[in-house]
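Shared chain: chain A. Partners: chain B in the first complex, chain C in the second.
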Partner chain A sequence: MAGKSGRNISAEPQNSLKNTVFSWEGILVLIFIAVNVFCAFLSPNYKITNILREMPKYLAEIFIMFPMVYVLVMGDIDISVGSIVCLSATLACMASNAGVPLLVVLPLCLAIATICGLINGLILTKFQELPAMIVTLATQIVFRGIAEIALGSGGSISLSSTKDFKILAGKIGPVPYVFILVAIIAVVFALILARTSFGRKLYAIGSNSETARYSGIHVQKIRLIIYTLTGFMAGVCAVFLTSVLYGANTTTGSGFEMDVIAMAVFGGVSTAGGKGKMIGAVISAFIITCLRIGLGLINVNSQIILIILGALLIIAVLLPNIAALINNMKKMAAKRAA
Partner chain B sequence: MKKEALFKKMSGSQEIVLTLVLILLCVIIQIKSPSFLTMTSINDMLKNNAVIMLLALGMLCVLLVGGIDISVTSTSALSGMIVGLLLKYNIIENTLVLFLIAIGVGCICGVLIGVIISKGKVPPIIATMGFMYIYRGLAYVLSNNQWASAADLGNFKNFALGKFLGINNVILIAVISYIIFFVVMKWTAYGRKIYAVGSNSEAAAISGINAALIKLTVYTIMGGLCGLGGALAVSVYSSAQPNMMYGQEMNVIAACVIGGVSMNGGRGSVQGVLIGALMMAVINKALPLVGIDSIAQNTVQGAIIMVVIVLNVLMQRSTFKNSLKRREM
Partner chain C sequence: MKKRNLSMILSVVLACSVLGGCGGSDSGAVSSTTSETTAAEEGTGNTEETDDSAGDISGKTFALVTKSAGNPYNEKTAEGFQEVIESAGGTCIVKHPEQATADAQVSVIQSLISQGVDSISIAGNDENALQAALEEAMAAGIKVSCLDSKVNADSRQTFVNQAGNQEIGQALMDAVLDICGGEGQWAILSATSQATNQNAWIEAMKSAMTEEKYAKLELVEVAYGDDEPQKSTDQTQALLEKYPDLKVICAPTTVGINAAAKVLQDKGSSVKLTGLGLPSEMKEYIGDDNEHSCPYMYLWNPIEVGRLGAYTAMALVDESITGAVDDTFTAGDLGDYTIVEAADGGTEIILGAPYKFDSSNIDEWAAIY
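So, the complex of A and B:
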């Protein structure tokens, strides 16, 4: 336990087995195992090979979750990511159909998404009074709107040649490229958040952005960087989504922002800022992915999965609060008795 | 001197500036397309946007206490769907009873959200996001992915066509709601308590206001309005589908923010919300009239929302600067 002075005054070593198991991340690992056992029990088809085959469909979303954890840790929010995915995927498909080679399409797609993120960041840092929720809400409408204009009256586009994008959906043995990339990016993002001064600055901003500013952190510069990064990662998501869906339409990526925020929050990241670890978010992302694959295998209605997701999300935040409340009541009772 | 003070007061008040912008917008559209300001056109516009206007009222209260509710349209869809199903299987056909059921369902949904937020201390955005999934999912599960079409709705759909005192029923409900909320928010202890909790929850608690209870009731009211809105939407569009009003919660929030309601709580007014909601309605209605392609409508709408909120900030900055100058003297 950290004392008021900030020093560690706990008798228990910080990394003891007890602390590891009873931390939120430890509980998440247990839930992850439970979900896998549950799914294996439900369907005989729930095997490693099947899971890895189904995974690319769901993994693309996780790319956005990494920067979203940063955004949430800063105490901000970005609900325009789904629309950025839609816009960049649409334009990438159009470019690809126009005969542009893959090596040009990919940077183009990433550049468009990065510019979208940059626009978010610029508006938010120039007009700091504006809540992030509202700004990204407006850009959400605009970005998807531009995609709608580009798509025209049909409202959808499919790749005329899937050859190029199929390369991205390739595998090493049974393991798809996406999975490896997600793992690498997860490690990089987790290390930056936990081990670098840049990562610690994000926590400082999230805890109290005024104090952070007075202690010499360029709050607005960092916000701009993070929002641009979020745009970039939405572009990465768009690339891999296209490699699975072979096209785009006006609803591509809709709801991603909520899914991604749900994953992060379920992983213990606070929307109020300053709290949360990347590892928790990653585990929770895989819990949700496995649950979707498992329930998908036995043909459960996707809407029921949504209900389960919603309930999990609320319970995940509610349980620690109730535990704290009961603890508090016990303490009060003990005081009164004494 | 007095005249100058009046002018200052007027230009400083956000609602009046917004009204002027709205009038200007209407005039421009009217010049471009004379069919805009006719009785039928206005009637259509208000009728189609009445649900959003109603939800914006509830959202005002939620935003005032410093919360947010993104589950509103899911609650509407759930209660609307229940109404549709009751009609489809001929269980209840009385319009009034159906409305009461819808409001009741909405209130129950709202109470649940309110308890989780005020007693469970779950951040509003997380709690309502969870319930957004849950209620929408329930609507799908209950309906088994089926619609209730116009033929199933029987007499219920006539409610939206009916008139009372020459005003369409749906519009009348919206108008009455606005009047009630205006009075409650401005002149009753309950209304002022909502503002107090939003401005400073702790100070309100110390001065004897039960902040948790106020929050709980606010989310319940929001739920009730969602239920009413859901039933109205079923009547207006004469069909009930589980995906109805999907994504519209953002329009509701946008209407509030355009009307000058602060997302941090404690600031905002019923007349502001009315103007914000009307502006959204006018934009929706006018874009096709002035010849903007229907494909481009979302983009233009989003851009207008962005411009209005940026203007809001710039205006606040200038009033803040002015008041600073006055203090220096």
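So, the complex of A and C:
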């Protein structure tokens, strides 16, 4: 049954090779390969062992990226995650220094972080007219403020005995535990988003939350769950960050939320909601991490690395717009010619 | 089905490229020498070698990690460090962390371990947070020393201290007492709240203040300007508004004293200023009359701190010292130095006493640094 344009639904191939390779995720894979080859060319120190040594610190940030993708897909935003990391890391260090055993400190840290996420979620779902950006901006300041009070005038706390947290920084062969955990959690989060009805609901809420509500999706309940989940993962991040830094201070976690949103956006997740895949975000996270490590190895000024990452992000956001513009122009030209 | 196969193929290609790229044998080696030369600006012509560094130093790589980027004091230190290393024929890498935090310094240290440098000299942003990374560096055979702002005793082999903490504290307290005219309110404008050197000097000032002659002085607040010009300016203005009876502000940080001097002088305030400042930055603010906000201030030569740091690093690398108490070495034209015990259980090397800058010598020194 051909419509006015002469094409019917079976004429558009869905899963063609061209569609997969030239999808944003396919391009990201190519960029990842290119970045690795580039970095290996720059410095002979770009070896697996060295990369794995430097990764744990960056990998801790990636834990926050997983729920952030969910938040962005829903069309919301959460910029308080860095402060949640700071608060939970601070309280975990204080508990550990007070002699609490690791097995109690870990659930405590996760609980505190989850409660912070819960607070975010409760405020946003009870007062729906408040924009998420403003609410999480406020909680960002509040949580960090609480951490600063807890830290006192010194502004920092160090673990008096590092042997507890050192366990978390352990490795199997050259591969750190964090890496394996990130891989497992990445798969879990990706599957939930792509293959379950819960994931589809997130896309629905992001596309049009009113319509989603009319379709019977419990929008506010899902928002609450996702914000609480974000808090929980921030707790996980805090735990692994402490295992690398053996302490916390007033600047712990600052900038994490921006880093993580950058990774997600570069991975194809739209901040307007409803678009993007977890696999894209994961690949872009590794691109950014490898680029940072690689450029650091040839001692490029860290400010220049930030400029490069910022430029990449702008290109990433502009490209779909430019592509759409070119497509439109082509269609206009085709219509005029027809 | 098709898409799943494709994804598998792509993943395998991905994995292979990472492993293959990392092999990087011949082509990698050639490009690495070129990139190291450009990155490290090797000094070629004048390789005057100092006595204790003989042939061992050339070919060794020395890294300096500063507290933050864009800070003239840190850059002067780096200048001195680089000059000494390169004239001895070594390779010098100077790295500034992304932010003035310990987190950023940990990434820098890990990158340096991956590069296999021979020595790391670091000005710590936090006394304890760097311990794990520095212990890993020492375990990898890298000599670790610190300068300007120390890290705890377990994280280092020795510490190059610009002046004894007690001496700095005493000099600053006497300055405050003198400028206050013996009594009154005063405040401290510091840098970041975790910086070891700042806290050490503030502690020294507070313990000096317990003496009888300072009894009429009242320390009203310790404000933190985070070594950022804007924040330091805001903090100074806040101090002026909160304490109308304030007489003196003491800023033991070059960024803080610069910001405060500008605020006080522009406002024509009667509050006076002292502390630690760079002569070149403070030249227009130093004077004895009412128009100038700072009668006098102290510092030491950061270029010499860098140079002494470099000589220490070289002595550690060629193993003429191990960082233990009573080790001695010759620091080129700076003279002979002996390592002494430090208050925190580790060891340190003291450059000398703090130097006073006032209207009589400021012009001369402003031209130098």
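Structure notes:
To be clear about the criterion, the second predicted complex is superposed on the first by the 326 of 338 C-alpha atoms of A that agree within 3 Å, B and C clash if a C-alpha of one lies under 4 Å from a C-alpha of the other, contacts with A are read in each partner's own complex, and residues count from 1 in each chain.
Throughout what follows, contacts are C-beta pairs under 8 Å (C-beta built on N, C-alpha and C of every residue); 3 or more make two chains touch, one makes a residue touch a chain.
Quick caveat, the model's predicted, so the values are computed rather than measured.
Within the superposed three-chain model, A:Arg213 lies out of touch with both chain B and chain C [touch as defined at top]. When the two structures are aligned on the shared chain, A:Lys171 is found in touch with neither chain B nor chain C. Applying the stated contact rule after C-alpha superposition, one finds that A:Ile314 touches chain B and leaves chain C untouched.
Look at A:Ile261: by the touch rule set out above, it reaches chain B but stays clear of chain C. Of the two partner chains, chain B is the only one that A:Leu130 touches; chain C does not reach it.
When both complexes are overlaid on chain A, the residue A:Ile293 reaches chain C alone and has no touch with chain B. Once the two complexes are laid over each other on the shared chain, residue contacts for A:Val37 go to chain C alone; chain B is not touched. By the document's definition of touching, of the two partners only chain C reaches A:Leu245; chain B does not. In the superposed model, A:Lys275 lies in contact with neither chain B nor chain C. Looking at chain A, you'll find residues 153, 254, 301, 303, 306 touch chain B in one structure and chain C in the other.
Contact residues on chain C toward chain A in their complex (touch as defined above): 2-3, 6, 10, 13-14, 17-19, 21-24, 27-29, 31-32, 35-36, 39-40, 69, 93, 95-99, 101-104, 106-108, 110-111, 113-116, 126-129, 131-132, 192-194, 199, 222.
Within the complex formed with chain B, the chain A residues making contact are 77, 123, 127, 129-131, 133-135, 137-142, 144-146, 148-149, 152-153, 254, 258, 261-262, 265, 270-272, 301, 303-304, 306-307, 309-311, 313-314, 317-318, 321-322. The residues of chain A lying in touch with chain C in their complex are 15, 17, 20, 26, 29, 32-33, 36-37, 39-48, 50-51, 53-54, 57, 153-156, 158, 162, 169, 244-247, 249-252, 254-255, 293, 296-299, 301-303, 305-306. The residues of chain B lying in touch with chain A in their complex are 68, 116, 120-123, 125-127, 129-134, 136-138, 140-141, 145, 242, 247, 250, 253-254, 257, 263-264, 293, 295-303, 305-306, 309-310, 313, 316-317.
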